[in-house]
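In the two complexes that follow, chain A is the common piece, with chain B as its partner first and chain C second.
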Partner chain A sequence: MNTTTVVRKATRHGLPDKYKLFLMALPFILLVLVFSYGPLFGWAYAFFDYRPGIPLDAQSFVGLKWFQTLISSPVQRQEVIRVMTNTIVMSLLNIACSVLPVAFAVFLSEIKVGWYKKTVQILTTLPNFISWVLVYSFAYALFNTNNGFINMLMKSLGVLERPINFLASPDHIWLKMCLWHIWKTLGWSSIMYLAAIAGIDQELYEAARIDGAGRFQVIWHITIPGIMETYFVLLLLSIANFISNGMEQYFVFQNPMNRNKIEVLDLYVYNIGLGGGSFSYATAVSILKSIVSLTLLFVANGLSKVIRGNTIL
Partner chain B sequence: MAEKIKVNLRKRNKLTAGDIAFNTVNYLIFGLFTLACVFPFYYLFINTISDNQVSALGDVMFWPVGVHLNNYVEVMKIRGIGRAALLSVGRTILGTGLMVFASAACGYLFTKEKMWMRKFWYRFVVVTMYFNAGIIPWYITMNALKLTNNFLAYILPAIVSPYNIILVKTFVESVPASLEESAQLDGAGYGTILVRIMIPLIKPILATIAIFGAVSQWNAFTDTLFLMSDAKYFTLQFLLYRYLNEAASLAALLKSDPTLMANMDLSKIQTPESVRMTVSMVVVLPILFVYPFFQRYFVKGIMIGAVKG
Partner chain C sequence: MKKTIALTLALLLALLLIGCTAKPQTPATTDTPPKDDAPTATAPAAADEGLNMDELYTVQVFSMTSNYAGIQPGWFAKILKDKFNMEHNIIATNLEGGDSKLATMMASGDLGDLVVFGDNSVDTIKNAIDAGLLLDWNDNDLLQTYGQTFLQEFPEALEYNKAMFGNGEKVYGIGYNVSYDSKGPNEGTDMIWGPYIRWDLYEALGCPEFTTLEEFLPVLKQMQEMCPTSDTGKPTYAFSMWSDWDNTHMMFAKQYGAMHGYNDGDTGNLLFINGAEPKYESFLEENGMYYRSLKLFYDANQMGLVDPDSISQKNADVTAKIADGQVLFSYFSWVTGYNTPTHTAEGKGMYMVPFKNEKVYSYAQSTYGGIRTTCIGAKAKDPVRLMDFLNWVYSDEGTMTYYNGPEGMAWNYGEEGKPELTELGVQIYNNSTTVIPDEWGGGEYEDGRPKFSPGTVTNTTVSKVTGEPFLNKLWTSVLDMDTNPALENWREHMGVRTAKDYFVKNNLLSIYKVPFLPDGARMMSQDLEQKKATIGQIVQEYSWRMVFASSEAEFDSLWSEMRDKAYGLGYQELLDWTVEGAEAEFAAREAGLNQ
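Showing the complex of A and B:
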């Protein structure tokens, strides 16, 4: 039957199905080519002394100069160490906090009042759907020194003499960023675990209770093992993203006072590149970052294969 | 044995002191965190509808004072806001629509084993999820394509989404092949099958990716930052960012004509705070409106994503 269809089509439209299907997908393939592969050619700029507005062949070729710049002087090395420290600390904090959604899901499952559970779930998921700009707007409204809620509250309670400038000060900035991250994503990240818990065989719970297991024993021996698989996959993915913590959150919260501590790798590339005009140097950093990221991805994938017997890619 | 079970069951029904303590703490902690998630939304809202002078002093903390809606009327008069809102809505509708169609088309086409070099092209598209050239090469490319200060920059790069294509493809594979074969026998081409048969069948997954796509289009902010220098192309999110960071640009927008000020009710005159908060509310309201209706799609979406494509 298939062959007759093919033959009929081919004679009617003059083009075999296999090319027709390809032609239909072609516009989308071209979009991918232009927007995802196209920029890869821009990596060439890392080997030139790029100045905007001049075509590439008129620029001077500098070889690996920009890669050497990265570690050339003590000042520069310090800069790299600073940015990498920010990046790694922020990633480590976020990875350490990845157990929170697990705990959230486990303890929310202990709540047996349906409407309460549902309300908590819906309202805590909401912050995930607003932009980081809006999160910053909230942060500004709540924490600014003039009329921010927290400062006003502390003042009226008499705990505070002078307002604290939470947003500008670089103190505990890593922790603050981590807390905002938790505020925004905790409810959302827990959904996957809640679903995994819902999928656990209820008979296991019944059996454990009949055997006299207490609440925490049930959690430890049934619930936790039931969601470990999910947790593990997400943990591996976060290893793959270890140096890519994105720039949006840090960009909106950055200011001249906290910049040194908040500048993660992605933000640094933006600040020196589009912000500072060092296109070639920023591209060189991007290339190194991509190589490390890909390596981490393969490491995570390999780990997954060894430990779980299944890949994540 | 049976007796023991009964005893145990009875024990389950009666809460021990430990249970009560646990439940109290558990309910309390979840209650507090939920409150922390919702309060900022509420706080901004009561401040936008309160007396602007009281609000500027920080005295609107738990409930509105001197309720008025003038801020929402005034904010619409700020130069550039209407246009920014139009751009935000435009990119959300157009960008999401095209992305959903492209995902449906690619998800369907890549299941067709007859396609020339299908495996290669599928991998060619999907592998782009895992690498990123970096923002400078991206910027240079967009610049070369004349997509800086161009509305199309919001639309074109977002049309093909490898992740969504995987989701749709997985869904298409679960559709019984017989449905398609009978249409094929009736002489329907691939395009007709896609539009008439496949898209109606895979509506649930399309709805899910549409919701996620729309949220990310509405919330997008960095593309404006990277690519647009002309204020004509600023979206709402970007304007909000500017109002939050550039007090000077904000002050210039506010009415500063003293004769005009004298005739106005002080409680309704805009302050930098009122503008910031009101624009924030305008940006978040669409999300708040659609959220209750689409919450189950959001949840469904993350669940589908959990199953590897």
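Showing the complex of A and C:
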């Protein structure tokens, strides 16, 4: 009885359910095709001697030449290794720091004074909405040698005789970059954990307190386990993004003194491709980047399967 | 209900499909040669309609030389409006992304109405021509009908452009700084290079003489000790540099070559070529000029003479510092903003102090013009009006206006038709930021100067109307007037009226004349371009690190590391290719094919 009505309804509207479902999914499939697969057409540039403005069919096809260039000489290989090292170190540092937002969220949630908690949260979240260009102007205003705050302060205190150009110093540059990154993202990243903490059953806390648990014991035995799930999902996602750690930050902070150490893969592609006009070579590099990313994702997924028993793919 | 849902879905799908079929065409349109639609876009405008100025024409000027972006302001804007019913919207790569901006514009298939190419642009111009982005000035007899100035006054410049870019047939543009004839250096009162130092301090030290550039350092140190702070109390330095003009090397380090008669022709190919003699030298030569230059800066930094901000600041910051008196030394004559009337009246100023081994690089007046080329875009809205405008700008009247403002505002014809400064003109001469009355367009004089071109006719060319050079500094009436206590001191000591006089008198010039290469311009292969880009990044980076190295040992190890890396990345190939070009140029010089 039931099935016959369904069939009848379907014929009346002219469309069986399976097509309807497909139609509903179609817009999103198309979006993915246009914005995620369409741009892959640009990969073709890696196989040509591409000069902007001239149609592809009028350019000379060179096969895998640009990929070979990548490993053509020992120095070139060293360059690739240098850039990969920078990328991996920066990513590892950022992943290592991903526990900080967790800790921050936990401590923030322990604050009982409402206005103070809110103020702290707003102040730490705000930097996320400032673009890296503005962050750099801020850094410049603080650290420049001519009238930068720090130099002026140290000079008037008599600590310094000659101003120091902090922004041009390559010392501990990885750490400095990591600190800027933390400053910018700490508050924002902790929002997810704050939500997770809010979702923990209050009865658990009450029960623990009645059993005589202290503040840190409550955090350790209830809050932390409660947000671990969220942490692992975010961690896996960030591993998949391991190799694309963005370029804006490094782009604005780069100068000849520190570029050696902060030129990550994305920035290298930009500097050589758009800065140096070698589009084909830059495209070849970024194709390799996609391949490495894909490999990393599968490795992370495999690890997740072994360690936690479930996968995200 | 379900029907409506189904309908909405279908509609949505249809919309998306339209969006999708349109989408893949976007790359297709950028990839189809703009050649196809270029003639259709330009043909009717040029041939049928003739010159019609009824409508305000906002000219998109895509400039690779301008340091100003936006609508042309001030007195030149008023001329454009009144004379041509035009305004210029300047798109300046210098301010908006550099080479990447250029690449984006190239890929979009439209370079705007007027296109002004910068240094090292042979490849860029050739690419733009191959991509069909530039208009042939012979199309629809554009040049014949509206460009008589070019045909009559600058035929050799057109021939040169034809040979370089148009396979001997097509004319795609006109070089900058062209001249009616070629008679000696094209500079005015000062050469491009000095060196220029704080004359008052130098004089107080008894004017010690120099044989080499290196000998300046101890004297500069003494000068710094004499004058440790600027007008506003900031610390002084001998050298304050900026890095945003670097490309394949440290721009400042290259200037050492120019003081010895060598330049790299702004190609960025890392080879010094002598202006007059058939000699060249690699940037990476052991103990060569580039090395010695870096060493000079390194030593200066060790002595506390280099502004630590050099690496992070920009050109504009340095200009401000110079005006404030924070900088004691300059390679260039064009960064002497310190010489304001207030300073010079007190006897302070930056003036040229030569050294014995100097041979300063100089550009000859050229009937071919320089490589910075002004072209018309293939998709220009109205090529006729653009040609009409260019024709005027390159004319005698246009050139006078370009350099000195409109007749009647800053200058007038005096007795015997010789140009003289008006009262306002004298004010402007002493202070280029003088405010202009509204009837002339308002704003500061300096802001109102033409931004679209790096120079049309060379300003030292002698006008056919007045019989005097276009540059007001060289007018008889101005030379008589132009004096101040600091300059008088300098003149007395040097025994000449201008820095140029000094170099000419002592034969210390290495004059470069533009070569006419019968085979046309050469183009670098993509392989070599890629090598140049990677090598260039290394050389630029290491150069700065060497200057700021903490010890001599570090300096030397960075130098050899840089050399190893550059050669490892294929520098020899780039060198061979560039030397080949230099040899061709020497052959052209030998045959007298340079102007």
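Everything below uses one rule, namely that the second predicted complex is superposed on the first by the 252 of 313 C-alpha atoms of A that agree within 3 Å, B and C clash if a C-alpha of one lies under 4 Å from a C-alpha of the other, contacts with A are read in each partner's own complex, and residues count from 1 in each chain.
The working rule: a residue touches a chain if its C-beta (ideal position, glycine included) is under 8 Å from a C-beta of that chain, and two chains touch if they have at least 3 such contacts.
From a predicted model like this one, the values you see are computed outputs, not experimental measurements.
K.L.:
For A:V34, decide between first (touching chain B), second (touching chain C), both and neither.
P.N.:
both
K.L.:
Is A:L297 touching the first partner chain B, the second partner chain C, both, or neither of them?
P.N.:
first
K.L.:
If you stack the two complexes on chain A, which partner ends up touching A:A198: first (chain B), second (chain C), both, or neither?
P.N.:
neither
K.L.:
Please indicate which partner A:M24 is in contact with in the superposed arrangement: first for chain B, second for chain C, both, or neither.
P.N.:
Both partners, chain B and chain C.
K.L.:
Would you check which partner chain A:V99 touches, where first means chain B only, second means chain C only, and both and neither mean what they say?
P.N.:
In the superposition, A:V99 contacts neither chain B nor chain C.
K.L.:
Of the partners chain B and chain C, which touch A:L274 in the superposed model: first, second, both, neither?
P.N.:
both
K.L.:
Tell me the contact category for A:L167 with respect to chain B and chain C: first, second, both or neither.
P.N.:
It touches chain C, and chain B stays clear.
K.L.:
Once chain A of both complexes is superposed, is A:N146 in touch with chain B (first), chain C (second), both, or neither?
P.N.:
both
K.L.:
Determine, for the superposed model, which of the two partners chain B and chain C contacts more residues of chain A.
P.N.:
It is B that touches the greater number of chain A residues.
K.L.:
Can you give me the overlap between the chain B contact set and the chain C contact set on chain A?
P.N.:
Comparing the two interfaces on chain A, one with chain B and one with chain C, the shared residues are 20, 24, 34, 38, 41-42, 140, 146-147, 274, 279.
K.L.:
Which of the residues in chain A end up touching chain C in this complex?
P.N.:
Touching chain C: residues 13, 15, 20, 23-24, 26-27, 30, 33-34, 38, 41-42, 49-58, 65-66, 69, 73-76, 78-79, 140, 144-147, 162-165, 167-168, 255-257, 259-260, 271-272, 274-281 of chain A.
K.L.:
Help me check something: in the complex, which residues belonging to chain C touch chain A?
P.N.:
Chain C reaches chain A through residues 2-3, 6, 9-10, 12-13, 16-17, 19-20, 23-24, 27, 31-34, 98-100, 103-104, 106-107, 109, 127-128, 130-131, 133, 234-235, 243, 246, 250, 304, 307-309, 311-313, 317, 321, 525-527, 529-530, 532-534, 536-537, 540-541, 543-545, 548, 564-565, 568-570.
K.L.:
State the interface residues of chain A toward chain B in the complex, per the touch definition above.
P.N.:
Its residues touching chain B are 1, 5-6, 9, 17-22, 24-25, 28-29, 31-32, 34-43, 45, 107-108, 110-111, 116, 119-120, 122-127, 129-134, 136-138, 140-142, 146-149, 151-153, 183, 186-188, 191-192, 195, 209-210, 212, 215, 230, 244, 247-248, 251-252, 269-270, 273-274, 279, 282-283, 285-287, 289-290, 293-294, 297, 312-313.
K.L.:
Would you pull the chain B residues touching chain A in the complex into a rising list?
P.N.:
Against chain A, chain B makes touches at 5, 8-9, 12, 19, 22-23, 26-27, 29-31, 33-34, 36-38, 40-41, 43-44, 47, 55-59, 61, 102, 105-106, 109-110, 112, 114-118, 121, 124-125, 128, 130-141, 145, 156-157, 159-160, 162, 181, 184-185, 189-191, 215, 218-222, 225-226, 237-238, 240-241, 244, 273, 276-277, 280, 283-284, 287-288, 291-292, 295, 298-299, 302-303, 306, 308.
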